[in-house]
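In the two complexes that follow, chain A is the common piece, with chain B as its partner first and chain C second.
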Partner chain A sequence: MAPWMASGLIYSSGLALTAGSITLLYIVTRTFNFAVASMATFGFYIAYTGISLYGGLPYQYYPLVFIFGSFLGIVCYFGLNRHLLRRQAAEITLMMSTLGYDLLLLSFIQMYADFLTHTYGLFPRRVTLNVHDFELFGERAAAIILPIVTILLLTLLHFFLTRTRFGVAMRATIENPVLSGASGINSDLVYMVSWVIAGGMASVGGAFMAMAMTGTPTMGMFTIPLMFAGAILGGLTSLYGGILGGFMIGMTEYAGIFYLSQQLGPWVLGYRMGIPLMLMAATLLLFPRGLAGIPLAKLINSLVGKKRGESA
Partner chain B sequence: MTNDNKSVKNQLDLKELFLKREVWVIFIILVLLTLLFNRSGVNILLTIFIDFAVFAIITMSLNLETGYTGIPQFGRVAAVIIGAFAVGAIPGRIIAMFMGLPYGAEYASDSVNFRLVPEINQLLASSWLISLGFLVFSLLIAAICGAGIGWLISRPAIRLKEGYLGISLLAFGDFFMWVGHNWKGMVGGSVPVSVPDPFRIFAGDRFMVIVLVIFVIAFLVFIYLQKLTRSPFGRSLRMIRDNDLSAGAAGKNIVSVRTQSLVIGSAIAALGGGLYVLYVGSMASIGFTKLTFTFWPWAFMMLGGIGSNLGVLLGVFLLTILRTMIVIFRSQWFGFLLTIGIDPLWLEFTLMGAVIIIVILFMPHGLVPEKVEPMLPKSRVKQIIERRQLARGESSTS
Partner chain C sequence: MLEVNNLNSGYGKLQILYDLSIEAPGKGITVIVGPNGAGKTTLLSTVMGVAKYMSGDILFEDMPIQGKLTHELAKKGISYVPQMGNVFAELSVMDNLSMAGYLMPKEESKIKADQMTEIFPVLKKFIHRDAGTLSGGERRMLAIAMGLMKNPKLMLLDELSTDLAPIIAEKVMMEIARLRDELGITILMVEQMAKRALEIGDTAYLMVSGEIRYSGKASDLLHEPELCSMYLGIKTDSDQIADLTKPSIEGSD
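Here is the complex of A and B:
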């Protein structure tokens, strides 16, 4: 594996989870969750704290990271989102409220970083987590483990949504909140669970991304446009689309910048953010409803042609 | 007749109530200002004023786009930074060209720049005409570049729905910061570049004059926006914000009106960015983060009241004072944080987040809610009513 591909896989897995988290929340609650930025950063800091205080591998702290992210999600739901949903607030108000929460979390992250520096003598403002990684089959283990974990999480989520009673109830609420409420589904619980899952996904995603990039307190702030780009690329209508979109954004960024820097020289490295944004702008221009909005079945049908005797 | 009088009187009472709220906020602001003045003298007031004026310009432009047009402008920083680039890169180069100094990409490299700018400053200090020309030209070029970028950004995104639009604007805002940070030939990339100082001619009074100039410009922007939002154009903006379907049905070209609003707003925001760079005297693109130039203006606007220019001004003033107070009183009030190694400066973000959340949850319309304003001034409306009543009276008697 080329080095860019290894880091690209790690980074894209993280981006896929965060983009999936944004998509999930948008589908269920119509909320564009800005707080994903700080949830991701917090996820990274939980893993970092675990490693530097108790040692071990980054991977063993991911369950803890997930739990903490879920906690942040629940706090946001009960403190903020719930009241606004009941008030049927506009999309922008919902978005702004999560921005406020994100800024609160950002200040707590900065304070936490100060606290770590002061109390434990750590250097939490520039962290490279991948020094704690090990080698697997001659590659960085994260490049193999993290995509697998992402796929595993996605499969779990898929089974949760399609095979369990509550998952089906959740999908019903997504499709038609009023009707599902009338048939006795507790939409409050559905919203809460989606915040739990989304918060956990965002935090784990942040912890993933820190394995490929330098972890700083503003890490999430700087990558949030890319997370949103992934969600938009995915179309914001299906969870799988969001995860795929995030993954594609991450991979194009790494592959594109690697190719361009070989062709044009290393100066392009500074503009790496441009590639995913270009991709996002192109998606918005060509397929305003994202990858999921491309009428794939229709296209194939038009290529194959109508079956004889089939009505229009 | 009596009924009409009564309703007019009721309206007046209501108006007074609203006025009281504004007066109340102004009173708090004055009290805080005197408190700060007593403690730290006149300089702190000037700093607050200058921050207030710069952010007032930026926030009012945001209010035009978000408050009046309903565009979720999460990329305010893009226009601001373009204004800053324009002022940092273009006017200084033009003067350098006329003086026979290097003006290409090497203008921005720090080893050349730190020799060049003092020479330009000497020229500027020698004649007030050149200084004034430089100032006016800088602001003009900032506004033009801002308008251009506003148009450019609006192209892929303007047709989109609320959230999508906001997010693409956010992404573009970030992109420009990275361009400035990496393109060394323009404004020095990661190394800050000095900007020629048109206020050098005032020597000791420089700071006072800058405050005055920015204040005057902020005031002019306020007047302009007040006029604009009361004009037919402003009405169509509000119509599109409140119901774009009916606006479309009434024959408004939604995309074009929104684009115009974005272009005007970006031009004004770029003006703010340019003024900020002239005041600071140097241009470092890494300083133009979305935290400072997108999210703070959003917090200001939400506190003040979305869609009300006066409210926005009060919101900016109040929060600017609170922000400065955190800096001044950090060891005095928040000493307990220092004992565990936490810098109280981070409380700025806490304040920003808390203000946004509290405003959304408890007073969604802000300190000074948007008022439904009559199309004509009140005296004129009264005149018309009186004339009509007179005419009616005559017709009934005859």
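Here is the complex of A and C:
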């Protein structure tokens, strides 16, 4: 596997989870969660702290990362989002409240980085977690494990939403909060669970991304445009679309920068973010509803029809 | 069963209902009729904790329920079938019924869903289909079945006959009467199909611009020609006789 592809797969897996996290919260609570940036950064720092203090592989700390991310989600829900939702706040208000929360978390991250330096003598401001990785089948393990974990998480989420009663209740609340309330479904609980899942996904996504990029206190802030690009590319109405959108954005960035720098020179590296954003813009021009709006069944049918026509 | 006293409510800063008082006696059908924009839907929405409650009392079984959350009211045995968005279009018919029985244990919910498909056989045919693919009449049947899933003490029905073919609307009305007669459920219904609703109803209120203009026996409202023709578009027997005896303009000198 080419190095850019390995890094791309790792990075895209993380971006897919963060974009999925943004989409999930948007479809359930109408909230564009800017705090996903700091939640992702905290995810990286939890994994980093675990490895630095207790050793082992980054993977073993992912459950803890998820739990911590969920905790951050719960704090945001009970501290801000719940009160605003009850007052039927506008989307812009909901969004700005998460920006405030993000800035608060960012300062906590800075404090935490200082704490790690002063107390444990660590240097947490520029960290490469991939030095703790191992080789699997001659490749970087993360390039194999992280996409698989992402697919597993997506599958689990799919089963949760379609096969469990609470999962179906979540879908019902997403579609029609009034009717779900009239059915006795506690929308408060649904919103809280979505913050738990989304917070966990964002933090795990951040920990994933730090296996392909340098972990810094501001890594979330620098990657948040791509997280949102993934969610928007996915159409913002479909969780699966959001995850696929995030993955596509990540892979485009790595593949695009690799090929363009070979063709045009290394100066292109400075514009790496522009490539996936152009992909997003082009997709939205063709399909204004994003990936969720692509009539896949129709496309496949027409392609199959064409092939049949040709063979006849 | 349900008592609303001096209720003021609306949406945001907009007040729709002004000092409104109604009563829905137990095991009967209370019909609320009136022209568009009278505030009928707002009344049901306020009772159900959806519209903004401002002041007044809402008593259910003599207990105040104003300000309670919608899912808490569902737990108390109040079932609400809204006019629009009364089924989960993206869920299957089975999942819709299952969600309606969300407060019950899973097994009980399954048994109840089976009962519903027996009461409304049309639902059995489409049990695994998305509710969004059902016709208007089938959706209304599903909406009523969902309302009944909860073993309600009180059902709030909001304009169930809207957009339905007359024959389907008639069937829906007959089902509502059956709910009272056979299951003893108290029903508070808002209805555009005023004449038929008043025929099956026990008590009636005529609402105009957020206020009550008539309260009394449902059948008696049909004998108020002025109110009927002015607000409900119903021609009473006396109106029709008057029409027949009126000389035509073209023929008169």
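The working rule: the second predicted complex is superposed on the first by the 294 of 312 C-alpha atoms of A that agree within 3 Å, B and C clash if a C-alpha of one lies under 4 Å from a C-alpha of the other, contacts with A are read in each partner's own complex, and residues count from 1 in each chain.
Rule of thumb we're sticking to: a contact is a pair of C-beta atoms (placed from the backbone, for glycine too) under 8 Å apart; a residue touches a chain by one contact, two chains touch by 3 or more.
Computed from a predicted model, the values in this text were never measured in an experiment.
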| item | value |
| --- | --- |
| Which of chain B and chain C A:A255 touches, first, second, both or neither | neither |
| Partner chain in contact with A:L277 - chain B first, chain C second, else both or neither | first |
| Partner touching more residues of chain A, whether chain B or chain C | B |
| Partner chain in contact with A:S180 - chain B first, chain C second, else both or neither | second |
| Footprint of chain A on chain B - complex, ascending | 72, 156-157, 159-160, 162-164, 166-168, 170-172, 174-175, 178-179, 181-182, 289-291, 295, 298, 302, 337, 340-343, 346-350, 352-357, 360-361, 364 |
| Complex interface listing, chain A residues touching chain C | 88, 165, 168-169, 171-172, 175-176, 178-188 |
| Residues on chain C engaged by chain A in the complex (per definition of touch) | 12, 48-50, 69-71, 73-75, 79-80, 82, 85-91, 95, 98-100, 102-103, 106, 146, 150 |
| Complex interface listing, chain A residues touching chain B | 26, 32, 79-80, 83-84, 89-93, 95-97, 99-108, 110-111, 114-115, 117-119, 221-222, 224-226, 228-229, 232, 236, 267, 270-271, 273-274, 277, 280-281, 284-285, 288 |
